[in-house]
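I've put the structures underneath this note.
Both of the next two complexes hold chain A, though its partner changes from chain B to chain C.
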Partner chain A sequence: MWKIYWRRLKRNKLALSGLSIILFLTILAIFAPLLTPYNPLEQNLLARLSSPSKEHWFGTDDLGRDVFSRIIYGTRISLTVGFVAIGIAIIIGTIIGLISGYFAKKIDLILMRFVDIMLCFPAFFLILMVIAFLEPNIYNVMIVIGLTSWPGLARLVRGECLSIKEREFISAAKILGLSTIRILFVHILPNVLAPVLVSATLGVGSAILIESGLSFLGLGVQPPTPSWGNILTSGKDYIYLAWWLSVFPGLAILITVLAYNLLGEGLRDIFDPRTFEG
Partner chain B sequence: MIGYILRRLLLMIPLVIGITVITFLVMHLAPGKPTDLVTEMQVKVGAEARERLKTLYGLDKPWYVQYFNWLKRLTRLDFGKSFKDDRLVSKKIFERLPATLLLNISSLLLIFSFALPIGIYSAIRQNSLFDKGMTVFVFLGFSVPTFWLALLLMILFGIKLGLLPISGLRSLNWDDLSFLGRTWDIVKHLILPVFISGFTGLAGLSRYSRASMLEVIHQDYIRTARAKGLPEKQVIFKHALRNALIPVVTILGLSLPDLIGGSFIFETIFSYPGMGRLGYEAIMARDYPVVMGVGTIAAFLTLLGNFLADITYAYVDPRIRYR
Partner chain C sequence: MLLETKNLRKSFPIESKLLRQVIGRVIAVDNASLSLNKGQVLGLVGESGSGKTTLGKIVVGLIEPDSGEIFLQDKNIKNFTRKERAKKIQMVFQDPFASLNPRLSIGTILAEAIRTREQVIGNRQQVEKIKELLNLVGMPTNILSDYPHQFSGGQRQRIGIARALAMQPEIIIADEPVSSLDVSIQAQILNLLLDLKQKFSISYIFITHDLSIVTFLADYILVMYQGNIIEEGKPEEILTKPKDKYTEKLFNSLPKITCQIL
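Entry: the complex of A and B
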């Protein structure tokens, strides 16, 4: 089955373009120290707020730090936050979805009511509140985004699980006397993986958006550590003087999130059983 | 129908309670107390005075007792008083609510009046240049950090071109303006915030109405309508459109949490005098009663939106039997 998906992936332009951008960004993040012309934390007060030039491709900020180098280093933050946050969401969402779908009845009712509550919460308000009351730092940001992003996934997994558990191979597994945990994780889980993967890929994009929004409001990654969101904050502070502080970090966010969305939509086509071909 | 509406309204109660419990818990489990702000800055305030402050605000009791007291007062629509300036929370919120409603309702109007035609037109002309352009727009709409877009538009229209104001809801010379002048002033202040907060929804709804229309167009009854020789206009507008619009209604409810959640960030960027900025400032100042008040009203508005969407859905789709 995965072989077919791999063949479809190689032919899917959306997924391929998204994937190559993500790979490129990952390389940037890993080799940031080798690729940046300046230390992202090094201040140069003689070159404050200088516009883009040969020396500073994307200009400098209010402390004379090189914006290009800061954006490259910011890639590390955004990719890590997206990955870890959605990792947390996948684990919680999948487990709750499987339990809810498999056991049904009362457990299902309680869990799904809880999911309803989480879904009609203005999520950004909750995240804002938790981060502000805890200490704003990158770990809390990842955890909180993860803890608020799972309800949609749980509902998705539950739906898939409800239909899969009625199939014959699950009855067979039960008759063979396999343990419930084995049935859930070895027999049902692989069959719900495809939609989870699609929704997780799209989720990484929105996690990155949330992180940059929080950092922009001063509640995410704390200065001097460079993140795309907190570079934008100085963009807002110097909105009358330095357009480059606003333009470039936002472009970086846009490209990254776009890449995940392209990959996600591509994967959706790839996993769609209605797409017929060899 | 009335029974259905009543039941749906009753179902909202446990949801509101659930949401407020979570908000309350988060607030009280977090380290740091609102009294720290008053006392930590002033060395002279002794431990005894600190305790007295805690008792005054009821912060010395366990959280569930505090929550229960809060809930009891809520039944009289009493949200308590702000820690910051001792004013009634309900008053503070209701001063700000009209501005937030104005912003969100205008955004919804913008979303619906543009997204539907765009989505439907690109479904009718599937794979045309317009359709492809729309797909690109949708991808961008989902990927663009809207607060960044806000900054760019502020730079372009506010600073470079000097066409639109970039903060607040009224100009400095508001008092000297005529009625028409005031209306135009508010409209000018609204253009950027409304466009920004509607942007993601615009992309979402365009895609949704396109998908819905595409599905309907391929139904048998559309083929029948064409086969019996009806003019294309009538097929599209009378037979297809009506059916395609039904699922789109539900999106109204689903787009509300995003809109209201967005208020917190957009109102802060545009220094817009609404509930979102009030909530943001209250969170930053640990003004518990205001945070709870804003959270409750935001949750209530969201649920109300969902409820209205469900009712409309049941109303426009005769296949749904409300029981």
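Entry: the complex of A and C
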């Protein structure tokens, strides 16, 4: 089964380009200390706000720190937040979705009303409300994004589960006397994995965007730790003087979010059952 | 008596699509009583929609009846746990493309059944068991890591039968097990089921809309119409002098195609 998907992935240009960018970014994040010419926290007050040059490819900021190095280190923050937050969302969304879809009736009604309520609020507004009460740091950001990103996934999983539980192989599993837990996680879960993966991939992109937004507002990753969002914040004050402070972190966010969207859309085609070969 | 049902009844709500309201009830099974002896093949015939599948699913425990009772070896079925019931009664489904989980390998599908039957079993023993089952149903034994989509309908039906056999059941409910297969494959699967009956003295409730298949297989025939069992008897009796017009029609409408394969 997964062999077929792998073959299709190799033929899908959208997914491949997204995947290559993501792999590239991941390598940057892992090997950041080896790839950066400067310590991202090291100030050099003699070289404040210098424009891009051979020494400083992306210029320096108001404290003379190397923007290129700071952006590379920012990749670590962005990818970690994206993965951990969506990891949390997948676990909660999948479990709630499976329970809701499988047991239906009252439990379903209650859970889905709750999901409806959460989906009514724009995600960013909800996150702002919660994070205002917490100490702003990367852990709280990951947890809050995770705890607010699952309702869409839960609804998706519930829908899939509703149709899968009517299939005959589920009847067969029940007749074997298998436990409900086993039916949910061994028989239904693998059949909803494909759409979950698509939605989660797109979700990583939006989680990264949210983290940047929070850090930009000073509610996320705190200086001096570099994140794309807080680099942008320092760029805001010098937008006429030092364009590089806004443009490079902006591009980093754009490219990353785009990459996850490309991969997500590509995976959607790859997993499309209407084009399923045998 | 191996299995006995008394006055089973099941109705389903009819919902209006527009208002999502219940506008009536369809009685799928109405007052169905039957009995099955050890080693017997009970043929359950009737046109599509007459309630055969629903009755089969009630017996196997997939559907809870509105009223009526089921006795297994003279004990009320309510005294059996799900697992105990599973070891006694299994089912073979109509659509072999839908009845195997597309995401599980053949090895996993069969191992799961074996492990429900025998809680403690070593890995090597388990593989041996799986191969033995595959042998029994006439499948090659090197397919443990293959997936259902790699097999034809007839082969999948054999795997479905192997899964049921893994539970070493005393009763198998076969719900139109050949009606979605190529005519050339149908006789092979029917012969396999008969073989297994001889080997393990399994009793069958054989569901079909095809009276000629059932006269070939069954020791005793029940004719269903709109949820009721309207006629029953030995195949010769039903064949030669059907009491009911419906039975006569059922028999006359189909035989020419299917008699040829048997």
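As a working rule, the second predicted complex is superposed on the first by the 275 of 278 C-alpha atoms of A that agree within 3 Å, B and C clash if a C-alpha of one lies under 4 Å from a C-alpha of the other, contacts with A are read in each partner's own complex, and residues count from 1 in each chain.
The rule is simple: contacts are C-beta pairs under 8 Å (C-beta built on N, C-alpha and C of every residue); 3 or more make two chains touch, one makes a residue touch a chain.
The model shown is predicted, which means the values in this text are computed figures rather than measured ones.
Once the complexes are laid over each other on chain A, chain B and chain C both fit without any clash. With both structures placed on the common chain, the touch criterion links A:190 to chain C but leaves chain B unconnected. Of the two partners chain B and chain C, more residues of chain A are touched by B. In the overlay built on the shared chain, the residue A:117 is in contact with chain B alone; chain C does not reach it.
In the superposed three-chain arrangement, the CA centre of chain A forms the vertex of an angle with the CA centres of chain B and chain C, and that angle is 100 degrees when rounded to a multiple of 10. Legend: residue contacts after superposition of the two complexes on their common chain; A:46 is shown touching neither chain B nor chain C. Within the superposed three-chain model, A:174 lies in touch with chain C and out of touch with chain B [touch as defined at top]. Legend: residue contacts after superposition of the two complexes on their common chain; A:34 is shown touching neither chain B nor chain C. Overlay on chain A (Cα): least separation between chain B and chain C is 7 Å. When the two complexes are superposed on chain A, none of the residues of chain A touches both chain B and chain C.
Residues 14-15, 18-19, 22-23, 26-27, 30-32, 139-140, 142-145, 147-149, 151-152, 154-155, 159, 257, 260-262, 264-265, 268-269, 279-280, 283-284, 286, 291, 294-295, 298-299, 302-303, 306 of chain B touch chain A in their complex.
The part of chain A that touches chain B in the complex is made up of residues 113-114, 116-117, 119-126, 128-130, 132-134, 205, 209, 212-213, 216-217, 232, 235-236, 239-240, 243, 246-247, 249-250, 253-254, 257-258, 261-262, 265. By the touch rule above, chain C contacts chain A in their complex via residues 57, 60-62, 81-83, 85-87, 89-91, 93-95, 98-104, 112-113, 116, 147, 149-150, 160, 163, 167. Contact residues on chain A toward chain C in their complex (touch as defined above): 1, 167-169, 171-178, 186-187, 190-191, 278.
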